[in-house]
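Below is one structure; the comments refer to it alone.
We just call them A, B, C, D, E, F, G and H in the order they show up, numbering each chain from 1.
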Amino acid sequence: MMAEKTFSIHVNDRACKRCGICIAFCPKKVFSSENGKPVVTNLEACIKCKLCELRCPDYAIVVGGEENE
Amino acid sequence: MMAEKTFSIHVNDRACKRCGICIAFCPKKVFSSENGKPVVTNLEACIKCKLCELRCPDYAIVVGGEENE
Amino acid sequence: MNSKAILMQGNEACVEGAIAAGMRFYAGYPITPSTEIAELSAEKLPKVGGKFIQMEDEIASMGAVIGASLAGLKAMTATSGPGFSLKQENIGFACLTEVPCVIVNVQRGGPSTGLPTLPAQGDVMQARWGTHGDHPIIVVSPSYVKEVYELTIRAFNLSEKYRVPCILLMDEVVAHMREKVELPDPSSIKIINRKKPDPTIKEYEPYKDCDGDGIPPMANFGEGIPFHVTGLIHDITGFPSTSATVTEALITRLMKKIYDNLDDILDYESIFTNDADTVIISFGSTARSVMRAVQIMRREGQKIGMLRLKTIWPFAHRAIQELSSQVKNLIVAEMNFGQLVEMVKASAEGRFYVAGINKFNGELIAPNEIISRTREVRSRA
Amino acid sequence: MNSKAILMQGNEACVEGAIAAGMRFYAGYPITPSTEIAELSAEKLPKVGGKFIQMEDEIASMGAVIGASLAGLKAMTATSGPGFSLKQENIGFACLTEVPCVIVNVQRGGPSTGLPTLPAQGDVMQARWGTHGDHPIIVVSPSYVKEVYELTIRAFNLSEKYRVPCILLMDEVVAHMREKVELPDPSSIKIINRKKPDPTIKEYEPYKDCDGDGIPPMANFGEGIPFHVTGLIHDITGFPSTSATVTEALITRLMKKIYDNLDDILDYESIFTNDADTVIISFGSTARSVMRAVQIMRREGQKIGMLRLKTIWPFAHRAIQELSSQVKNLIVAEMNFGQLVEMVKASAEGRFYVAGINKFNGELIAPNEIISRTREVRSRA
Amino acid sequence: MGERTEIRLSGSGGQGLILAGIILAEAAILDGKNAVQSQSYGPEARGGASRAEVIISDSPIDYPKVMQPDILLTLTEEAFVKYKDNIKSNGIIIIDSSIRKSEPPVKIVSLPIIETANKSVGKVIVANIVSLGALIAVTKIVSKKSIEEAVMDRVPKGTEELNRKALYAGFELGEFQQKQYKNK
Amino acid sequence: MGERTEIRLSGSGGQGLILAGIILAEAAILDGKNAVQSQSYGPEARGGASRAEVIISDSPIDYPKVMQPDILLTLTEEAFVKYKDNIKSNGIIIIDSSIRKSEPPVKIVSLPIIETANKSVGKVIVANIVSLGALIAVTKIVSKKSIEEAVMDRVPKGTEELNRKALYAGFELGEFQQKQYKNK
Amino acid sequence: MRKELEKYFRTEKLPHIWCPGCGHGILTGAVVRAIDNLKLDQGKICIVSGIGCSSRAPGYLNFNTLHTTHGRALAFATGIKLAKPELKVIVLTGDGDCAAIGGNHFIHACRRNIDITTVVFNNNIYGMTSGQYSPMTPQGAFATTAPYGNIDRSFDLCKLAQSAGATYVARGTVYHIPQLIKLIEKALLHKGFSLIDAISICPTYFGRKNKMSSPVRMMEFIKDACIPAKNAEKLTKEELAGKIVIGEFYEEFAPEYTEEYAKVIEKAREGK
Amino acid sequence: MRKELEKYFRTEKLPHIWCPGCGHGILTGAVVRAIDNLKLDQGKICIVSGIGCSSRAPGYLNFNTLHTTHGRALAFATGIKLAKPELKVIVLTGDGDCAAIGGNHFIHACRRNIDITTVVFNNNIYGMTSGQYSPMTPQGAFATTAPYGNIDRSFDLCKLAQSAGATYVARGTVYHIPQLIKLIEKALLHKGFSLIDAISICPTYFGRKNKMSSPVRMMEFIKDACIPAKNAEKLTKEELAGKIVIGEFYEEFAPEYTEEYAKVIEKAREGK
């Protein structure tokens, strides 16, 4: 799920409850849904607004790639 | 306690608790205090505003002389 | 409603029974595991022209129920432990002012928030003693869904007849279980309504025992006979009094309403008690476990009987005192740490050995637990 | 405070005792006949750096008291019947979460608003069973103004020692009476403070029975060891659990804290019971009438004894069971319709004839009433 | 008067009889005795009849209420009528002289208490203290020294002299009466 | 299977097993039997494990909980692991074929219930009804007629056909398996 | 008492228990006069109170009357009104009864806009229990439980009611009786929840603790502190400190609760 | 989870019990981020809740935490704060917990201006008990106890708080998280009673009953309904119908309760 070396968006799959919020409300449509599961498919577009991280009800997203799952 | 034939102010002595409100706040100072007991001593001055009647906490005053004690 | 056999939940049977009994007002505040009673009342009451209101809390609910009853509607509220605790002050008001009403308490695990979704029978003593001061109260407790229906009607009837709050004390098992029931033909249901004063009466004395039965006729607010109601000790006119004589007369009448009518109010089922050496006493869902255990033990030839209390308060002292002298042991099975067992001990007066089977872990007592405890008790040295 | 003899009111002695015991927080809502306790606390607490707050109602008062105790202050509230009913839900919270606190109930005539200025002992059963679910609680009841002082201290001590709410159950007579007292030298008063956890502890498990005495050490909020408190059934870590094993273990421990320490908790006074054929059981102000009656009857050569309960709950079964076999009759004198008498019956197990003297008209039972009832009981066929 | 002396002070709310009861009990304690003071509250705790009770004894006091007073003081007719019949046969009733005494069941001492407070002392509100003085002079139930100390302890700052005067006026009333009684 | 048959339906919240339990109990009633249905709630009443219990009997049902099921249906591995060991020795376990069956203690019937719902019927949410069909085909605990009536009574308006299809698909699954079993 | 008012009183219960000069007697008189002025059907009026000196008022009034538990008058009243919407339901309550223990029922009754007229006998103290501070006791005032001066801020009950949803809100006083009667009349005619914050006086406790133990002194205090709502609008917060603003504050016509519930019944009977 | 936030959570308790897409998880994250931004002393923070889905939040947070009885969080919190004023006390509550059963404690805590920050997880429904209407459920919406549509009017909690005496009042939503975090920070720094009405979503019950059962649909609803406080000022009541006004509403600097009590202690010790 790493897309770049210096910058990444990490989705903790065990924590994610597939609510779809990150997918729907990313202003840049960075995520797509794989059977409800958010997958980063457009990392380049990300503007690092971190809204996805802030809005994830399950703290499953880290924008910036520091999470060590 | 009748001061005139056609108009009177009746104070029910048994009901009166001697609070002094009628005496103090009659705009025309119609009442005087006899050891706390209100006595009509200046009936002529009365302007029939009925404030004394309305403010008596014990419904002891009737302005207009209808009360039959 | 027809008399076809249908599957029905305990809480649903409560609402059906209440409406059949004439409930036309419900005020409540939701709480697990009683919530379905509120939800079904919200749906069904307006269909029969009744009123449902969700109040801001349980205290307000109890107040609204009393108000509605004074205004003439049969009224009910339902709750569980925490809400039942909150209602106590106003329940006491209804006891003293003799306002008919039904309070449902679907017991869950306590104390405090406890185990909201799991069963218990831990509010048995509270149902009798939860409000301050000496007061009369009737508490009934069903074991079957069908009986939820019947006892809800009975709760309304007793409440109207004796002008006393009546508590329907359920447990989560009975409330949430679905079971086959055949509801009776509505026309066959006996409904009791509060006694009204003679409408031509000159001086209505709302607390006067006109008929010598301890139960004053009750006017409704707004129906031509104005009167005063207070939670202070009052004389027969309904106005406050601090007289010792008045106080004693009032409290005595309130209590005698109940204690002089035990024949009518007490309701219990004795099974196999005639030749039993050991009788197991229980109520609510626990009685179903006891029933199974007793049947198993009887099949094995053991002389076990059971006493199932449907009226819990007033306590059926007499049912215990009338047990034959063949009985050696009484075992009280309750889903609590041991509550009603003290009452049984008080009634036993040393004539029987009294023991308890208690479970307070959020699970229904199982038949095999009853069987093994019974064995223990019967084989004690 | 010196040990000079002074005239002191019961409610005043309560506040003096509380402050001597270390009370530094009071939250309450005024109600007759307990109000002086609030008023004196408002005046005296800030003088010793303590806090007084008048809350919006009794529910809030009880909540604030628990909060303050969790934050480390010894806390008390005082009320009477209606307020005591309202506090019940939060009292249950304190029972389950094991938060020390003292609740004073100055009993007045009930039920409901009842007789606000007149005495009664009608909340005896409620003090034990007022909140829902199985729960531990300690209830003490003084008969003398001096004893109000002593038992208030004892209430704090028991509460801190066993981490259980302790109820000081007074009646209006004792609360409003003024009487000669000599207060002890402050340095001679034994004060017990809650057990604290080892401050160097790594993993604090707030409900772990570390010492095998059933009483977990208690940290205070904000003193370096964060922890979680909930009114749900919880495991030793303090977090919710619905496990049957956890539930059973928790409730059992809560109850055993009390029932394993009866030697320490029970407190009663036996007078002339050795050779008595009749023992009169009582508590609170009623015990003073009994004392007079017993003395009069003894002077007449009658073999009457008395048992005065200072700890009402847990109930002193043992005190009754240990009565000599010479005793034939137990008479329970209470200013209510008959409450504790059921417990006495349960303890008597048929060994004694049990009768009650009950008065519930807003007046203290008089010595001559006790004497004549005693005569009746002793001369029964 | 036996070891347990029961005293009832009765009148109407606002006459300060509860305070008088407290002072009397405190004086008894200063005398080294036991004392219990209690009062009855009406339903409203204001206005209406008022009643204070004091029990004084050398030994501990059990039953804390007055069963049958040894001493009854009443300042109003209403109270007198209500309480006069419940008194020990060797008891004594002290009444304000404004009260019409009907069929005296026991010894009655009628004294111009209110008048004394009003006229000699100058304030009707100290009638309670005048009463105390008179009561003690008549019954000797506590020492003069103790009652004076107790009065001084309890009355508001600045009113000490007024109250002392009232107390002494009471003593005098009572003593004068006692002398007359003996002389009879 | 004796006169009292205990059935446990287990899986995860949202799989509709409580509804399935209710329908099963209703079918039993339509068959003229007695039935009790109950369920366990988690602390939160949402998500997590879900369990419905049904007891069917010709005579009145006393103890209302399952002591040891005759029939266990599980749709998740978690539920299977949790419940598989508590079953009557002559009982039967019906599991979704996605579950790895470990040490079968009793007869196990593994059927592609979820797959059938998903693929053949077209909606995974009707897995509960497929389960019911299969369970009845395998155990004959209630009549097909009654279960069909009960299903039609309970399902939301407009979904009748979908659910009927699901029920029949379940029947087929179960019957096919039964035939195979007999043929073995 | 004036003849035509007698029928509204239980005259045999008079004199009432209130202290000499207690404002509650004045306010009770004002309520009765408003009812009389409107010629409302006496048999269809139900008066409900909680506990307190103020809450003793219904006992003197010859209607259907209910003296409930402390703080709960509005909860009981809600039950009565919903059960029998044809009744005119009036709640007479105290500042403690209504705003301390009863605060929640108060804001919720406001919110529902149920047709109940509430008159708060607001004497800024708990009278019945002998003078503890209430949520309406001014900051700095003394009370038996505020021996060092009250630090609690007080509610503006009118603002609170309005923000909670009440649709008629006004304040009057025991001094300004003719105006108060008019306000109560308007409240009684209003469809929906109406509040009259009626400033009362408790010479016995509030007065005595705050150097105004004579009724006259307390009346003067109120007279001096009051300013009409219109005038108040122009003043700053500082200028308003210590003032009592009187008059009408809010009036709105909004759906009433029991009427809305009647529609629910209709809907339910139609089968939704 | 972001590393630096881990210390604020009891990570071993995660995943939390909330449903997929439940707004309460988002709000809990916002509270933690506000605390982290301010670098408050973790050991001196005490978080208190009542009962409800929302009130489960403290259980996941690594502070002194207290899960009280339904509606009573502020009463307990008041005891804690007055007993130990050095603690930063935060109440996390639900719309039912705070405004239904807890309404009285709420208005009184506002009135006292005691230094407690209250964040209401306002999902307009009773989530925990499966979807009954709350005092914040919009009129006309459906709920399990409003099968014919809700006739109750709802509170404007911010208005209510302000009129009761709260000195910092703001509203944010689960959608507008960066703004919400700022508002919470400001509330935490404010001396006195501060309220954040934090609009949450309950897809499971509110959503399902009102044709918005997906979390995304509910978020969209909120997004569309919100307008900033500034813009709202210009709109009429009719134009505002159905809108959620967000932003800061009120800020006042007024004496704080525990500080005032400290003065009482001083006075008392001086012998008045």
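Simple rule for what comes next: a residue touches a chain if its C-beta (ideal position, glycine included) is under 8 Å from a C-beta of that chain, and two chains touch if they have at least 3 such contacts.
Just so it is clear, the model here is predicted, and its values are computed rather than measured.
Engineer: What is the graph distance from chain E to chain H, where chains are linked when they touch?
Structural biologist: Between chain E and chain H, the shortest chain-hopping route counts 2.
Engineer: Between D-G and C-F, name the chain pair that shares the greater number of C-beta pairs in contact.
Structural biologist: So, comparing the two chain pairs, more contacts are at C-F.
Engineer: From the mean C-alpha coordinate of chain C to that of chain G, what's the distance rounded to whole Å?
Structural biologist: Distance between chain centres: 38 Å.
Engineer: Would you mind pulling out the distance in Å between where the CA atoms of chain B average out and where those of chain F do?
Structural biologist: Using C-alpha averages as centres, the distance is 88 Å.
Engineer: Can you give the whole-Å distance between the Cα centres of chain F and chain G?
Structural biologist: 62
Engineer: Return the distance between the CA-based centres of chain A and chain C, expressed in whole Å.
Structural biologist: 56
Engineer: Can you pull out the residues of chain E that are in contact with at least two other chains?
Structural biologist: In chain E, residues 42-43, 45 touch at least two other chains, as defined above.
Engineer: Counting only residues that touch at least two other chains, what does the list for chain C look like?
Structural biologist: Residues 32, 43, 46, 56-57, 59, 82, 89, 93, 112-113, 116-118, 230-232, 240, 242 of chain C each touch two or more of the other chains.
Engineer: Note the residues in chain G that touch 2 or more other chains, in rising order.
Structural biologist: Chain G, residues with two or more chain partners: 19, 51, 67, 69, 100-101, 103-104, 108, 128, 130, 135, 147-148, 152, 261, 264, 267-268.
Engineer: Which part of chain D faces chain E closely enough to touch in the complex?
Structural biologist: Residues 5-7, 32-33, 116-118, 173, 176-180, 285, 288-289, 291-292, 295, 364, 366-368 of chain D touch chain E in their complex.
Engineer: Can you list the residues on chain C that touch chain D in the complex?
Structural biologist: 59, 81-82, 84-86, 88-89, 92-93, 95-97, 107, 109-118, 120, 122-123, 125-126, 128-135, 230-233, 242, 244-245, 247-248, 251, 255, 336-337, 339, 342-343, 345-346, 348-351, 360-363
Engineer: Touching chain H in the complex: which residues of chain D?
Structural biologist: 24-25, 27, 43, 46-47, 49, 51, 53, 55-57, 59-73, 75, 89-90, 93, 221-222, 224, 226-232, 239-240
Engineer: Where on chain H is chain D touching in the complex?
Structural biologist: Touching chain D from chain H are residues 10, 13, 42-44, 46, 48, 51, 58-59, 62-69, 72, 75-84, 86-87, 104-105, 108, 261, 264-265, 267-269.
Engineer: Could you please specify the touching residues of chain F with respect to chain C in the complex?
Structural biologist: Interface residues on the chain F side: 22, 25-26, 29, 33-39, 41-43, 45, 61-65, 67.
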